[in-house]
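In the two complexes that follow, subunit A is the common piece, with subunit B as its partner first and subunit C second.
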Partner chain A sequence: MNPASRSPVAPVTALLEARGVTRRYGDGRRRVDALRRVDLAVPPGARIGIVGESGSGKSTLVRLLAALDRPTSGETLFRGRRTSGVPERGLADLRSSVQLVFQDPRSSLDPRMTVGRIVTEPLRSRRLRHRGDVPSPSADRLQEVLAGVGLAPELAHRYPHELSGGQRQRVAIARALAPDPEVLIADEPVSALDVAVRAHVLNLLADLVRARGLTLVFVSHDLAVVRLLCDTVVVMKDGVIVEQGSMEEVYDRPRDPYTAALLAAVPRLRS
Partner chain B sequence: MRWINLVLGTVLVAGVILLGLVSLAWTPFDPTLVVPGERLQPPGWPHILGTDAFGIDVFSRIMAGARVVVQVGVVAVGLALLVGVPLGVAAAMSHRWLSDLIMRGADILYAFPALLLAILLAAAVGASTMTAAVAIGVASVPAFARVARAATLQVMSSDYMLAARAAGTSPLAAAVTHVLPNIAAVIWVQASASFGMAILAEAGLSYLGLATPPPAPTWGRMLRDAQNVIFSNPEQALWPGLAIAAAVLGFNLLGDGLRDQLDPRLRDIS
Partner chain C sequence: MNGLLDVADLRVEFGRHRAPALRGVSFSLQAGQRLGLIGESGSGKTVTALAVMGLLPETARVSGSVRLDGRELVGLPDAQFSDLRGVAMGMVFQEPMTALDPTMRVGRQVAEVALLRGRATRGDTRTNVLQLLTRVGFVDPERIADAYPHQLSGGQRQRVVLAMAVFNRPGLIICDEPTTALDVTVQARVLDLLDEILGESGAACLFISHDLAVVSRVCSHAMVMLDGDVVESGPVSQIFAAPRHPYTQGLVATARLDLVTPGERLPTIEDYFRREDFR
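Now for the complex of A and B:
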């Protein structure tokens, strides 16, 4: 099973799926449709990049896929089973298989928890342990996970504010990978980081996704970053998907004028 | 500089608590013993703060009064904490209708005059230290609920709560492991300020005769007794007034100091 050989339209049950989802915020005159009847399927092993400008609905879409928010209409599914409108206790399968890395680790890491407690949080959850092979929250597992993202074991006793931005995002990645998920959703994971550490974190993500055979949903406003990590790209604008296809297709022959404009905005390096 | 509030607050608060504790075992004189022959003596020896209009040793009364202060503060703030904080956190974490129900209930309680509550309680079961403490505690519940709710809402909007859900953490576990530690600083400040307020309220209630009944000495009753001799012996009002001011100031300073120390992000910046 070489992930590169897989076509994004392979006839397998999608791991994550959105069917005609609309997400509306506010009401009356201040009503905003962050998403409008969006369909998306994430097949197992896919590495999907969702690109678009800010406000295009990409973060809303992944939050719906992860069942962290409810669609106003339409439905979301995990392994063909409905996850929208399902109470939290019915989501054990999804929770134990899908993990997230958020944009800003200063907000996604509890400032009053030590790194060790943060990373083992998913392992201490009874709901996640519903899946039989979730590793136990042992000191060994903690060291293993920290080492996996290139963090020294002694950082386990530190608080997030004592770490650098890059280290913090590594902690967030370690937390996401601790329960051995199948799917990793990364919502602009390097946008809040210094340019100098972005490449390190991106390389780390690329290595981890490859080594663990993770299905990846990667949100970014930066096409160059998506190209590095993904094989499929989804372009969003104003709450709808304007184009989707394999990386090469979209890159070389963009069909939508918006995609062409996005591509033109990417600074190209002379080789 | 950052330590001054905490140190001064701790010293004042510890002083009040220590006076109260020692008074349980020992006071220089009996704080209820009326000695008509030794009325209104000036500060000196053996009465270091003098005697009052009944000839009772003032320092002994201040010591015994500290005991009541601590008792009322602990009961009132404890009650407000135990009821108000869970209500506020629940309101912030629950559905809109339940949240509204809790907060409107708090508003009604807030609108109900605390003094009236104390009078009602005193009339129903008789004025005592406990009725005053309970009345003050109940009246403080809305303040704690509001502070806890506002702080919890802020916590709820952070991505680590979303990450906790993604990690399968239940709302109750998230409330204990994420919300409470992150709102603790605000709650401690509120508790400390409320402790100060409870001391003032108790002094007011015992001044009105709605709290600890005589002959047990309290700082509020001392003020009331001083009222009769306020023009001839103003120092009679000075001692209990100073004690109340020091205790209230102490708890407020302690609250500010705690806030500075409990926030790990502030702690390392010096």
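Now for the complex of A and C:
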């Protein structure tokens, strides 16, 4: 098999890139390398799933790509420009173009703010507004974004604790999409949701990615979920990438024994 | 009804102004049978388990009947319930740290469960603890017994809790989302272990999960709950292969991610069932 045919790296400038990144926590005997010399390129328009179990380094990797954390060594880039070791004021383009959604909307949404304020907050950020085409934080934009994620306009006046888990996750997605980002990074966005709600949120994400041509980086422990949203998959274990390739090939014909074990462990409905 | 566990018309309310948590739930569990309780959060599955374990808060108003081996548990004084827990019924919860004392070595905690029966002596208890830790898959039981809970991984802790749950050979083991917090590969190992241990001990199991696939792996029977009511129950093979109630049909459809072609819309419960039409 030609290894190049399974590489997700397209011959164009990657939108997001990690080059030889290592992230080390602690020192001496307590030293842990959460990531070890990882390379990853996310081309524009890609839908990449990053799969692994707890401690695999998947969340650490996306935090580095989003410049929420700094690599111990190696570098991260956005549109070919370095984002690691760069002061915050140099990250305006990244901040407005890359948005994140996390697993637990209860902890990522400010409980003291109304839904309307939460969703438009990124639009009021001076740093974000640095990008010329960021929509203004108008009432129209708010309604447009809420409608886009299937939330009723009157929810704008509610607080997060008054909403269901699924509604809260829609608010988090609305906030992420308000500044019209190019890249959406979603870290376990459906893991805390009931199966019934999960289906709605996954359908919403798929629709949004398709309609807006978003580049998607989707982190999950669940290969079955990643299969539905992503065209490329990266499998991580103990801080390194053990396998990557097209979703279909990895799902149907895993090459790495760990990927095979991960697939075999997914509980299936016996009926 | 003469099962190991007979629940009849169980109603639980928390305050007058809130919808009842359980609206007259009835089911029977035979010795050795494994029943999965399925439903979304708020459906009443955990409240059902808490009622059986006598762990509902004092503010709960409970009516109906819960009989374990013929003995009525509704209205049983707390002191008598404490004598049953860990002896007549073992318990495994989602988060093992809630069941483990962080300041006590693992071996001593397992031994305390043995002492619940009041007839074990310290010496043979240590031997029993090590045997049991070996039984739940630890190759180095001495090291595990001498460790504190925080020194173990999530999967190891859940195996310890499982060891505690089966120590006194209870006739009933209640598991509430026992593997939800675990990684998939660890989940698979813990479920295999649970399956083996239930098979060996012949204990019945009340298994609560929102995950239909996990239930189908462990249980012989399933009961689907919605808003405090049972909508459907029967053998797992029938419930998952030919669900009758539209809500169950929707649940099964949303759980079959493997049948969806990427790019296709996922089925939702609302494709099958509208809550407005319920009740």
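Definition applied: the second predicted complex is superposed on the first by the 259 of 271 C-alpha atoms of A that agree within 3 Å, B and C clash if a C-alpha of one lies under 4 Å from a C-alpha of the other, contacts with A are read in each partner's own complex, and residues count from 1 in each chain.
Methods note: contacts are C-beta pairs under 8 Å (C-beta built on N, C-alpha and C of every residue); 3 or more make two chains touch, one makes a residue touch a chain.
What you see is a predicted model, and the numbers here were worked out from it, not measured in a lab.
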Please indicate which partner A:Leu128 is in contact with in the superposed arrangement: first for subunit B, second for subunit C, both, or neither. first
Going by the contact rule set out at the top, does A:Ser54 touch subunit B (first), subunit C (second), both, or neither? second
In the overlay, answer first, second, both or neither for which of subunit B and subunit C A:Met247 touches. second
Go through the superposed model and pick first if A:Leu202 touches only subunit B, second if only subunit C, both, or neither. second
Which partner does A:Val219 reach: the first (subunit B), the second (subunit C), both, or neither? neither
After the superposition on A, what does A:Asp194 contact: first (subunit B), second (subunit C), both or neither? second
The intersection of the subunit A residues contacting subunit B with those contacting subunit C is none
Subunit A residues within the subunit B interface of the complex: 63, 66, 68, 88, 92, 95-96, 98-100, 102-104, 107-113, 121-122, 125-128, 159, 161-162, 172, 175, 179
In their shared complex, subunit C is touched by residues of subunit A numbered 53-54, 165, 194-200, 202-203, 206, 221-222, 224-225, 227-229, 247, 261-262, 264-271
Subunit C to subunit A touching residues, read off their complex: 40-41, 154, 183-188, 191, 210-214, 216-217, 236-237, 240-241, 250-252, 254-258, 260, 262-263, 265-269
If we count contacts the way the header does, which residues on subunit B are in touch with subunit A in the complex? 158-160, 162-171, 173, 177-178, 181-182, 264-265, 268
